[in-house]
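Data block below; observations after.
By letter and in written order, the chains are A, B, C and D; residue numbering begins at 1 in each of them.
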Amino acid sequence: MSVEFCGLRLAHPIINGSGTFDAIAARAAFGEALATAFPFSAYVSKTITLQPRTGNPPPRLWEAPSGLVNSIGLPNKGLEGYIAEDLPQLTGFRSDPSASPEGTSEPVLLITNVMGSTGEELGRLVEACDAQAGIAAIELNVSCPNVATGLDIGADPVQLESVVKVVRERTGKPLIVKLTPNAADVPGCAQAAEAGGADAVSLINTLRAMALAPGSGATGSARRWLGGGTGGLSGPAIRPVALAQVSAVSGRVGIPVIGMGGVQRPAHARDMLAAGARLVAVGTESFRDPAAGTRIAQGLL
Amino acid sequence: MSVEFCGLRLAHPIINGSGTFDAIAARAAFGEALATAFPFSAYVSKTITLQPRTGNPPPRLWEAPSGLVNSIGLPNKGLEGYIAEDLPQLTGFRSDPSASPEGTSEPVLLITNVMGSTGEELGRLVEACDAQAGIAAIELNVSCPNVATGLDIGADPVQLESVVKVVRERTGKPLIVKLTPNAADVPGCAQAAEAGGADAVSLINTLRAMALAPGSGATGSARRWLGGGTGGLSGPAIRPVALAQVSAVSGRVGIPVIGMGGVQRPAHARDMLAAGARLVAVGTESFRDPAAGTRIAQGLL
Amino acid sequence: MSAKPPGAGFGRRRGLVTGNDELGAYRVLRVADDGPAPAPGQFAMLASVERWGAGEDERPHLARAFSIARHRDGEAHYLLEDVGPGTRRLCELGAGEEVWVLGPLGKGFTAPDQGLRAILIGGGVGIAPLAILQDTLIASGTEHTVLLGFRDAPRLPGAELLRDARIASDDGSAGHHGLVTDLLLEELDSDPSATIYACGPAGMLEGVRAIAERAEVPAQLALEAGMACGFGACYGCVVPRRGGGYLRVCVDGPVIDAAELDHVEAHAGAPA
Amino acid sequence: MSAKPPGAGFGRRRGLVTGNDELGAYRVLRVADDGPAPAPGQFAMLASVERWGAGEDERPHLARAFSIARHRDGEAHYLLEDVGPGTRRLCELGAGEEVWVLGPLGKGFTAPDQGLRAILIGGGVGIAPLAILQDTLIASGTEHTVLLGFRDAPRLPGAELLRDARIASDDGSAGHHGLVTDLLLEELDSDPSATIYACGPAGMLEGVRAIAERAEVPAQLALEAGMACGFGACYGCVVPRRGGGYLRVCVDGPVIDAAELDHVEAHAGAPA
């Protein structure tokens, strides 16, 4: 079950979706038991930006039919804070031995997810990650609005290719582009990422979504529930959409694909793999079951 | 509760989503009780194309978490068959009196939904509908792949505007453009429809989605469940996505908006109205409860 | 007995569960029902009023189709087999709980031509519509033969739903050790002037169809298909029609003349 | 009693429901629990193993947070109020059914400084963590006063969860007719050398915070917030921190020093 990914060896194909598992907080909550039974073969960080962000005002969560709408707003310590404070705490995690066929525990590889609104910003982020031996791969979150158009950078193949090109020059580490699902032509975007030099693509990110405060629709003064106004839908509700996009993208690029979106059980991970994914990421399901990664990886044995 | 829509008067704001209610089949199944207690104030036909279509091979349905993936493939009798055979049977329906504040039953207006892959094809369809006194308004389904690019015509604002312009010239009846949700910039597409001369926009159509046959992921030989390969996701699962798009579109166009996607209860319809919709369409929920339209309209009283 | 049902009245209604009895591997769900009397072969869409959903993969979401196995004394009977989240939920309902009922729906069986014998052939849970059909045949004094096939011993008690049945079983636990269509061939050999009424797994139905075609015996097949609505709204429940195009099982069927089909597709049968 | 809990062990576990008793408008759910002993103020994420979902709008999907009201003899007690699909499902669980338990989680209360009296002030279902806190205070012989506020008569029985409480009620059905914070003011007037432990609706907590600030009395507030995970993963459960930024209620709290907050937001309290 051990798998090759962009020249890296992973204990099994199950990793986490960015922003859905905080290894440092989880270690504090669950103790050292976590460090030697980490539920993922690689750990993807929350999205890191150049400057620190506090994130959106609450409420940040809305429970939807078979899913979750979040409007977290990418809180993070910023590049410097991440490297100085978080990175040292992100070493020493080992995957749960019960999730590998040999019963061995492997070091958990670190993938750092970064976002910037210009090629230059992304370039600086990637360069800094490149210099850190502890970081195995870099994931680019391109679901970031272009300041001029308001549309996601990642939704426009031309823009996406040029951004990836800029970034590609700054690192020799595996470069994953996390595509936005809110695009007309997701496979076209994947091809653009590949053309720009990406080593892999990951998808799907959350679907743009919204909720109104309960009862507020009735009063005629609709109030948006989420502090951030709108948010992103994740969880089982989006699984059929994720599967379609993963399948379409896998058919169009030669680089490996990381599939995610509503994966809860081994059967869902198998579907993602069958649709062409090399790795499968688990997001919202980890909220319900923090050991979901291990449970799913076990089911693939 | 009676509402004005593009110069038409409707008994209440609840209509059906195209392709989710067959008035002729329902009358056969439920008898004349239906004709005087029709659950919608206007009846939107299934999508009609120039030539007859038999639709996709089965299976055509996949039940998803809080939703449904369908791959029906727009079976219809073609323009001529529709006008000759169906249209005469679509008269005489009256809305359920319990859904209007005055307890009166109003004639159900007919909206014909059409699709074509070229402006010319659409032009012919619209012209033919224009000539029919029984048709109150025309809805354009632009979730049709462009033969050259494979992308939905409706996903590209420039293409969309020019298609709507062509069609606009062929009819004086209210022209509704049903937007595709599988676009990077849905509000931009709505603006393009408005610029092209649309009298209203409706959204959301189903989200592109897929399913693999149960267990087939495990065997390594993934088999797509749906005969059509891929399909579209509807139902409560997509409601937060629909609400976000309806809200974004309503903020950007001056023409009325028909909101739909996962509406099951009066509260959901109120949310749609609060987000800016003039009318609300019910789709998948009518499968579970054929009188859902009336139930929801009653709840708005 | 008529092919064209009376209007079912518009909309679903709440039905009180009056009983849920084990019948081997099956359950017989009884629901108080003051709706129109169904024609044999008609079905209803059922969903529990409470907690429909929250099974595997957050399903069921849509209602499920079930043949009306019996309708008498203001009660409808349904024969259920637990094959997934929807049937599982219905199987566990107890007296006092409620279901949404939409029906009777679809086209049922038509009576055999005057003087012709009826052969009822069913497989597994597909025997359900044959029970109510037999009730009518008995009432009208129509000569008929019942052939029922089951996979294994736990399913055999299903046969109690009908009277005087010849049994076949895949595992030889009772009756003929083999296919129920073997019994059909025997019956037609001895007397081919019959009309066949069949319901069961796709494989069995295809066997019946082929046999009837060869023997030039009329056959009415009660098909199944995944259904979202049950009343012609979704166009999801289709089977290919002989000569091209598709039939909607819910409104063009579920009982379809075998002559209308080239073959019975794998998706068009009852759980095996 | 310690602010820093021992590691909860990794992953959720199944817990057998051993009882579910009515307590006025509330329920006390008892769950067999061999997990680590919680510190007072800690919470657990709960979800029923069967049929979590299928309530209003196909919810609940995520687990729900509940204060551990008591933990003894291998059993955890939770005080539940039915306010939506998640609590509704848990309220109807019976002995023999199972729940997923993740916990104990979060930072609990810290003991009062040597010699200081503890004032426990709770509103509505927010009294839950004060019960286990009182157990510890009794065990350690710490002087304390209990002030409980309820909306109406059906909720008054909740007070039985603690001992020797002074009661306030919004509707005057028992004790002081008015806010429980009125009682707090009285207590502080008579003897201000105390530490306040508070849990309840946001309005009450904000009242307590403001009173404590003015009186310069230390106060520990057990906050609530919509939570997706309960262990710091989702960053969803935040409240604004004094001086800027946000605190995650699940890992920085739920018990938060009042001095860390400028105000208690409407979303940060228990159901009123």
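Note that in this section a residue touches a chain if its C-beta (ideal position, glycine included) is under 8 Å from a C-beta of that chain, and two chains touch if they have at least 3 such contacts.
Keep in mind that what you see is a predicted model, and the values were worked out from it rather than measured.
Centroid distances built from C-alpha atoms place D farthest away from chain B.
Centroids built from CA atoms put chain D at 34 Å from chain A. Separating the centre of chain C from that of chain D, both taken as means of CA atoms, is a distance of 54 Å.
Residues of chain C in contact with two or more other chains: 53, 57-58, 61. Across the assembly, chain B contributes residues 64-67, 235-236 that each touch 2 or more other chains.
Chain-to-chain contact here is organised exhaustively, every possible pair of chains being in touch. Remark: chain D residues 57-58 touch chain B in the complex.
Of all residues in chain D, those touching chain A in their complex are 6-12, 47, 53, 57-63, 100, 102, 105, 225-229, 231-240, 244-246, 248, 251, 265, 267. Contact residues of chain A toward chain C in the complex are 66, 236, 264.
Across the complex, chain B is touched by residues 62, 64-67, 69, 151-152, 155-156, 182-185, 207-212, 214-218, 220, 222, 230-231, 233, 235-241, 243-245, 247-248, 262, 267, 270-271, 273-275 of chain A.
Put simply, chain C touches chain D in their complex at residues 50-55, 58, 61.
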